[in-house]
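Before anything else, here's the structure in question.
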Amino acid sequence: MFAHNKRLQYTVRVSEPNPGLANLMLEQFGGPQGELAAAMRYFTQAVSEDDPGRRDMLFDIATEELSHLEVIGNIVVMLNKGAKGRLAEGVDQEGEMYRAITGAGNDSHITQVLYGAGSPLTNSAGVPWTAAYIDTIGEPTADLRSNIAAEARAKIVYERLINLTDDPGVKEALGFLMTREIAHQKSFEKALYSIAPNFPPGKLAGRPEFASVYFNMSQGGPELNGSWNSGDKWQTVSDRDQQMGVDGGSGEASVQLDADDAELLNAMAARTMSDPSVDPMTGAELGMSAETAAMTPGASATGKQPPQPGTVH
Amino acid sequence: MFAHNKRLQYTVRVSEPNPGLANLMLEQFGGPQGELAAAMRYFTQAVSEDDPGRRDMLFDIATEELSHLEVIGNIVVMLNKGAKGRLAEGVDQEGEMYRAITGAGNDSHITQVLYGAGSPLTNSAGVPWTAAYIDTIGEPTADLRSNIAAEARAKIVYERLINLTDDPGVKEALGFLMTREIAHQKSFEKALYSIAPNFPPGKLAGRPEFASVYFNMSQGGPELNGSWNSGDKWQTVSDRDQQMGVDGGSGEASVQLDADDAELLNAMAARTMSDPSVDPMTGAELGMSAETAAMTPGASATGKQPPQPGTVH
Amino acid sequence: MFAHNKRLQYTVRVSEPNPGLANLMLEQFGGPQGELAAAMRYFTQAVSEDDPGRRDMLFDIATEELSHLEVIGNIVVMLNKGAKGRLAEGVDQEGEMYRAITGAGNDSHITQVLYGAGSPLTNSAGVPWTAAYIDTIGEPTADLRSNIAAEARAKIVYERLINLTDDPGVKEALGFLMTREIAHQKSFEKALYSIAPNFPPGKLAGRPEFASVYFNMSQGGPELNGSWNSGDKWQTVSDRDQQMGVDGGSGEASVQLDADDAELLNAMAARTMSDPSVDPMTGAELGMSAETAAMTPGASATGKQPPQPGTVH
Amino acid sequence: MFAHNKRLQYTVRVSEPNPGLANLMLEQFGGPQGELAAAMRYFTQAVSEDDPGRRDMLFDIATEELSHLEVIGNIVVMLNKGAKGRLAEGVDQEGEMYRAITGAGNDSHITQVLYGAGSPLTNSAGVPWTAAYIDTIGEPTADLRSNIAAEARAKIVYERLINLTDDPGVKEALGFLMTREIAHQKSFEKALYSIAPNFPPGKLAGRPEFASVYFNMSQGGPELNGSWNSGDKWQTVSDRDQQMGVDGGSGEASVQLDADDAELLNAMAARTMSDPSVDPMTGAELGMSAETAAMTPGASATGKQPPQPGTVH
Amino acid sequence: MFAHNKRLQYTVRVSEPNPGLANLMLEQFGGPQGELAAAMRYFTQAVSEDDPGRRDMLFDIATEELSHLEVIGNIVVMLNKGAKGRLAEGVDQEGEMYRAITGAGNDSHITQVLYGAGSPLTNSAGVPWTAAYIDTIGEPTADLRSNIAAEARAKIVYERLINLTDDPGVKEALGFLMTREIAHQKSFEKALYSIAPNFPPGKLAGRPEFASVYFNMSQGGPELNGSWNSGDKWQTVSDRDQQMGVDGGSGEASVQLDADDAELLNAMAARTMSDPSVDPMTGAELGMSAETAAMTPGASATGKQPPQPGTVH
Amino acid sequence: MFAHNKRLQYTVRVSEPNPGLANLMLEQFGGPQGELAAAMRYFTQAVSEDDPGRRDMLFDIATEELSHLEVIGNIVVMLNKGAKGRLAEGVDQEGEMYRAITGAGNDSHITQVLYGAGSPLTNSAGVPWTAAYIDTIGEPTADLRSNIAAEARAKIVYERLINLTDDPGVKEALGFLMTREIAHQKSFEKALYSIAPNFPPGKLAGRPEFASVYFNMSQGGPELNGSWNSGDKWQTVSDRDQQMGVDGGSGEASVQLDADDAELLNAMAARTMSDPSVDPMTGAELGMSAETAAMTPGASATGKQPPQPGTVH
């Protein structure tokens, strides 16, 4: 069960309202790398986790992320405080409010007009948060790696936001939030490596003949190799022919159909067959400009007579 | 700040696993009328609310909804418990697992294959939760009405789910959750009517000449009137002509353009003008079947000669 | 059946083009509180409504909202008229067009480049309209409350837009549209209260022992109570322990599994067990900077030997 | 199988960084008319196409579109190159970076803060690409028409982008990409008209009595007719009454229900009936301001007594 | 302005309720090829169209599509009528209702539980309608082609639905709707070819050297050529080298940076450089199973010593 | 530049059509952990990567994932081959086709009806692919971790799919695809650890006082600790009071407003103040059923008189 205390985890001191900066901060409120995504990623894992230690950790961190959501939300709200009053009570000089709304040079207009200078669950472009951001799949050796990566990404976005403001109170609170992502990453790393083995994730082993092959699919310039594709741990395949049909087969797709299905497919094929033997008049030619026709090789010899309604083709 | 206790707000006792029922329960976990939507609706309002009493109430109820999210999530997880083990550890008889995955007759296949029989933030059709469900706009006389409506909807969806199961533990927990929506609706009603006046919402009054008019836009059968459109509080307008241009104007849209803009628009109009004076050959006629042509009046007299490449039309 | 008349319901007179303002107006064309959302909310209710009076009202108002969609669309189009010509016909001085496209300080660039200065079904941030905005669930005592709330929200967004412009023709048309939301709210209120009883919505009663309880979930500061949580109609629960397991149970979740399922779950648990007894080397430690290591307590004593490939852990 | 060569299909020479222009270019990278949409439209058709010639063409063009995705992506990346370094390494004067991030006047802030000045799969408003843009339905006579239309749209968006920049290298590369859309449209036109007949698409013929009727649904002003609705190929129906129930029936919807279903529907209807005979007190009236009440006809005579709790209505 | 008449454009006679079939019909109510998409495609074009004839046609057809939305919505509602009553009023035998809800074998469960057996704006998979389906871009020579394609797709989906039911009333109404798509396609074709020239769409001509080139990007098997890529109208390029850098340049991307930007990029490059000269211990190796290690060539010689916290690398 | 060869990377041999299985396979075609997501994750990183070795690797793997997209797409298409013909050509016994369409027990109905038994870019629930799945942010030490996690997830989903089928050809091809995810994960691991240091990601160090703190936010039961939250590397904070205001401040949010802003906010607060001193009549009470009233404590003493229109409150 969740409980709430009215004090924030970290005190928020904002020097002055700035709706444009508020809008950028939304990135970590309702954005893909933000706190709701973090909280929900760990919460959904916690709820279905059977290992008691991991479950406890996941609830600990999910709950902290909810508290961070509240901190970043309060930063947004404080930065928007001036705009909120102006918007709610109206002003006489409309041109002035129009300039204020659109003057930040980013999407703060949407925050203000649609959301009343509040703290909506969108990213800084106004895109509503979606659970498509959540990559929980219910296997801990995969989910913990997802968590490690998510913390790394969140750390970076906080770093970028810190670089954007010189409000000392905002900077300080963001620094706290950024640091906590580092701490969380460390916890998830420990939890992952406490499962042994954890690679490859899951239960099925791979097929040995393909597990250490590196397909050199991008060619045509200098090849820069490293431990990721060369050395005695890798078998590199650069020959284009050997990159296809690697099972030794034809590289074709096939299915065994019964007679009825085959017949229907043939009927469809016949009905929709492209006849390569004619050069039909087309809609593009019907509508072609002289300029275009002039640059079209052979256009003056437009082949096939347009079909006459009333006859079968 | 949020805190978490490992006990649930309500004890969840599930009789036996049932992935199909688990999938239906997702409606209130990650669906539009579900608990995350509720929690986030009130949380976003709480964060930017300035009235201390309302803010307190919004945090109270947001926090309880998070606790409900946990309860419904646990119901889903328990109903999926059997599927989770089978899926993670594999089985020998694949046909059997295939039948189990697809046998529920609903979307439990997605929950199982993609989410590992966990509790994803989707509705029962597998659609990811989106903040587009959240209708917070930052004006309390509107937001409280949104909350009242949201509680009413959530109550109904719980009622439907209760009718779907005969597992007594599930029924009982759903009954608790449903009842809480009723209690929350009562709180929001009290909070709304504690603001006086609260209608119309916001600050601007409407234009009196249009505020009590009822436009009878759907006609052609028996008119059933009620207090919503008749009586001395309403002026009903049924005459089609009086429903248009109700300002007394032409009902046309206009803008004053400067000469440059006007010229460019004229150029565009000229370039893209539809010439109504000819009956051009078209792509449809090029490709028309005999059967279609036969049923096309006048098709045999297809007018205009197809354009000749190399000439201007 | 729908019919259309070329006259608008309200005459639109725009003083001069203004793509930035056009973009803000999109909020009520393709935004969540806009006219398409309104029209479709009521239309989907009307189609499945069995009560003839309500059905008639819902069609009346849905049809009027479609007519409002047309009015607001025409405002957008008129405000964009100058941009449309410039865009379609091109200009010689590209820098100039670039400045015009990006100069409004909001998302009018998307409207212009992608939609040709037309009237797309997006909100003012360019987010495409989604039926996730529609909260129709097919129970009139809930749907009518949703409609009341939706009208309140739409009224507020119009109010904000009115405050943003000093174009008298735009102001006047927006005032009409805003007023109609007031009128519609009044109709929906009458229709709701014409159903008796209408609270709680639906058919099932709540469980009396939980219907008047207020859980004080947010604590830690001054408690401001009101009619929404105090007085003789409420039983307030502030003791954290009494907020958990409110059914008197353990507050745990359980399910009865058969032996096969239990065995598989145990196998999964064993495979993915986190071993709390070791302090494993982790990826974070592999990649840790000296600066980070220095601030990590105990980092110099990194416990467990990294696993040796070739041996089982 | 796909292969990659490190050379681009077209050389990209950008004069100087310009994050605002980079952001506009995203329209054709991750926007609805952009190159990923094109590549995936044709790829999904190719994979399931049975006609060998068409399949080959679809793979040819899908592959070229992927190569175009790479070209436009490189344009974006080069235009963002300066921003990328500043963002990754931070700067001392935060105000400066804030101004740079928000100064473009469009959504380049999202590209920079969230995506690190890279090339994300969003349109120029930051809306993530969605497969909802893809209209492949698996019938070649429809899909080829979709392709023709898609190429036409993509051509136009390139044209608009060309008009926005005076960087000669960008202009030149965009000109190449635009021209290729023209070439692709020509190929798809030929492929469509090589299927005979191709109209109407699919297999079922339409019902002759409705296939050449034009319903004049928008009336009330001058009627401008053309070959699309007049002439001997069309039968125009302008009489409103003849536009309804065109099958000669009542224009009503009906279903045959068994007795049980009918009874339940009656029960629902009774439970949710709107009583038109009373004028109930409503929530709006409870909260009405004096100003609103004053302009409400008959408001002083608010009819029905509010219901007394404890009695049934 | 829109008006509504209570009679449908086509009488709907459903033989018996069938929620599974209702669910499939949603494809044309709230699906991508459905009637709302059609109505909104044409409506958004109509509102910003300047050519009076085309504008009139677009309003005519948009209005008819709204009337079709009503017809298909009524089919859905009638097919769901039995389910609606059962759901709203509850039943005693829950197992029975559960079987009814999940027995259709498709997504009718979502329609019933979430939408109360109404007619929601989703497709048959429960995915909410999105304006991302709308491809209006504001240039008539592109938009009319989009309309032609959209009508072709809608015709096909109706054809598939007709094949799925043997309810004669449903079949008949679907036949009407399908036929109207044919008629609309014919109108849009006429309107397109009434603009001359209409190819290439827009104003800018393509670059002649690339407008008739066909890049043979998919090779390796029999080449089946047709009028779409061969003949005297096409110059086919099959040589892989000639498909790259087709402008004669290097096929590389470049931008001119000033010294400051270059320095920052170098700093970033140095900070994030991958060192190819070492074979580092990795997280995968830390967690590798014995089985995996055994199949990893060279794994026993795991190169580089894991880094020691406290030292700089 | 991309090139295509008609041979697949792996030969696809399907024993017999099975639309239900085809639908499940979509998970890896257009699902969040599928091949398009993989290809686009690496492609977007490659395009903006400056390190030549990493860029080469990213293009190699992105290109291979596109080739996998083709393999899995061919599996889907082959499994759907029978359905495709039946659907396109229609059958006489509609009931039969209806049963076939809905008989799979999953969402294959959408694949068949809407997409013509092709291979759409949706997951197995029919949800369109979205770039919201892509978590590229342009910092290699974060992006490589995202790639590692993504490969882990994809491996698991393939494992689940393998367990679902006994078609040996499908099983074999899926085994190949699954194994390649393992190989890719190994490459990304090597590339990550070739950057030193790589933790914490990015440039800014965390704040030391918060980097090794573990907040025990979930309490109330047995605490299971491990290396993730205990030992000499962690400082654990369990005292609730010390979890709040961890900066030593009040835990409150504040902003400095100028006098004008403060005045407007006060005006708004006054206008929207909730009056806790009265117990107003509410909408819920207006509509309350007798049953509900009876269980409402104090309901018979409904306090405040409903407001009288015409007087100011």
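Descriptive notes on the structure:
A, B, C, D, E and F label the chains in the order they appear, each numbered from 1.
Note that contacts are C-beta pairs under 8 Å (C-beta built on N, C-alpha and C of every residue); 3 or more make two chains touch, one makes a residue touch a chain.
What you are looking at is a predicted structure, and each value in this text was computed from that prediction instead of being measured.
Shared contact partners of chain D and chain E, listed by label, are A, B, C, F. The two copies, chain C and chain D, are related by a rotation of 120°, based on C-alpha atoms and rounded to the nearest 5. Of all residue numbers used at the contact between chain E and chain F, under half are used by both chains, marking a mostly different-residue interface. Simply put, of A-F and C-E, more C-beta pairs touch at A-F.
Our note on geometry: chain A versus chain D, Cα centroid distance of 20 Å, whole angstroms.
Separation between the centroids of chain B and chain C, computed from CA atoms only, is 9 Å.
Separation between the centroids of chain A and chain B, computed from CA atoms only, is 23 Å. Those residues of chain F in touch with two or more other chains are numbered 1-9, 32-33, 53, 56, 59-60, 63, 67, 74, 77, 84, 88-90, 104-105, 107, 114, 116, 122, 125-128, 130, 132, 137, 139, 141, 148, 156-157, 159, 182, 185-186, 190-197, 199-200, 203-204, 206, 211-212, 217-218, 220, 224-228, 233, 240, 243-244, 251, 265, 268, 271, 274-276, 278-290, 292, 296, 299, 307, 312-313.
Residue ranges on chain B touching chain A, taken from their complex, read 1-9, 30, 36, 40, 43-45, 47-48, 56, 59-60, 62-63, 66-67, 69-70, 73-74, 76-77, 80, 84, 88-90, 114-122, 128-132, 134, 136-139, 203-204, 280-283, 285-290, 293-294, 296, 299-300, 302, 306-307, 309-313.
Contacts from chain A toward chain D in the complex involve residues 20-21, 23-24, 27, 31-33, 104-107, 123-127, 156-157, 159-161, 163-166, 217-221, 240, 243-244, 251, 265, 268-269, 271-276, 278-285, 292, 307, 312-313.
Chain F contributes residues 1-7, 50-51, 53-54, 87, 90-91, 94-95, 97-98, 101-105, 107, 109-110, 112-114, 116, 122, 125-128, 139-141, 148, 182, 185-186, 189-197, 203 to its touches with chain E in the complex.
Listing the residues of chain E that touch chain A in their complex gives 141, 192-193, 195-200, 205-206, 208, 211-212, 220, 224-228, 231-235, 244, 274-280, 283-292, 295-299, 301, 303. Looking at the complex, you find that chain A touches chain F at residues 5-17, 32-33, 52-53, 56-57, 59-61, 63-64, 67, 74-75, 77-79, 81-82, 84-86, 88-89, 130, 132-133, 135, 137, 139, 141-142, 145-146, 148-150, 152-153, 155-157, 159, 162, 172, 175-176, 178-180, 182-183, 185-188, 190-191, 194, 199-204, 206-207, 210-218, 222-229, 233, 240, 243-247, 249-258, 261-265, 267-268, 271.
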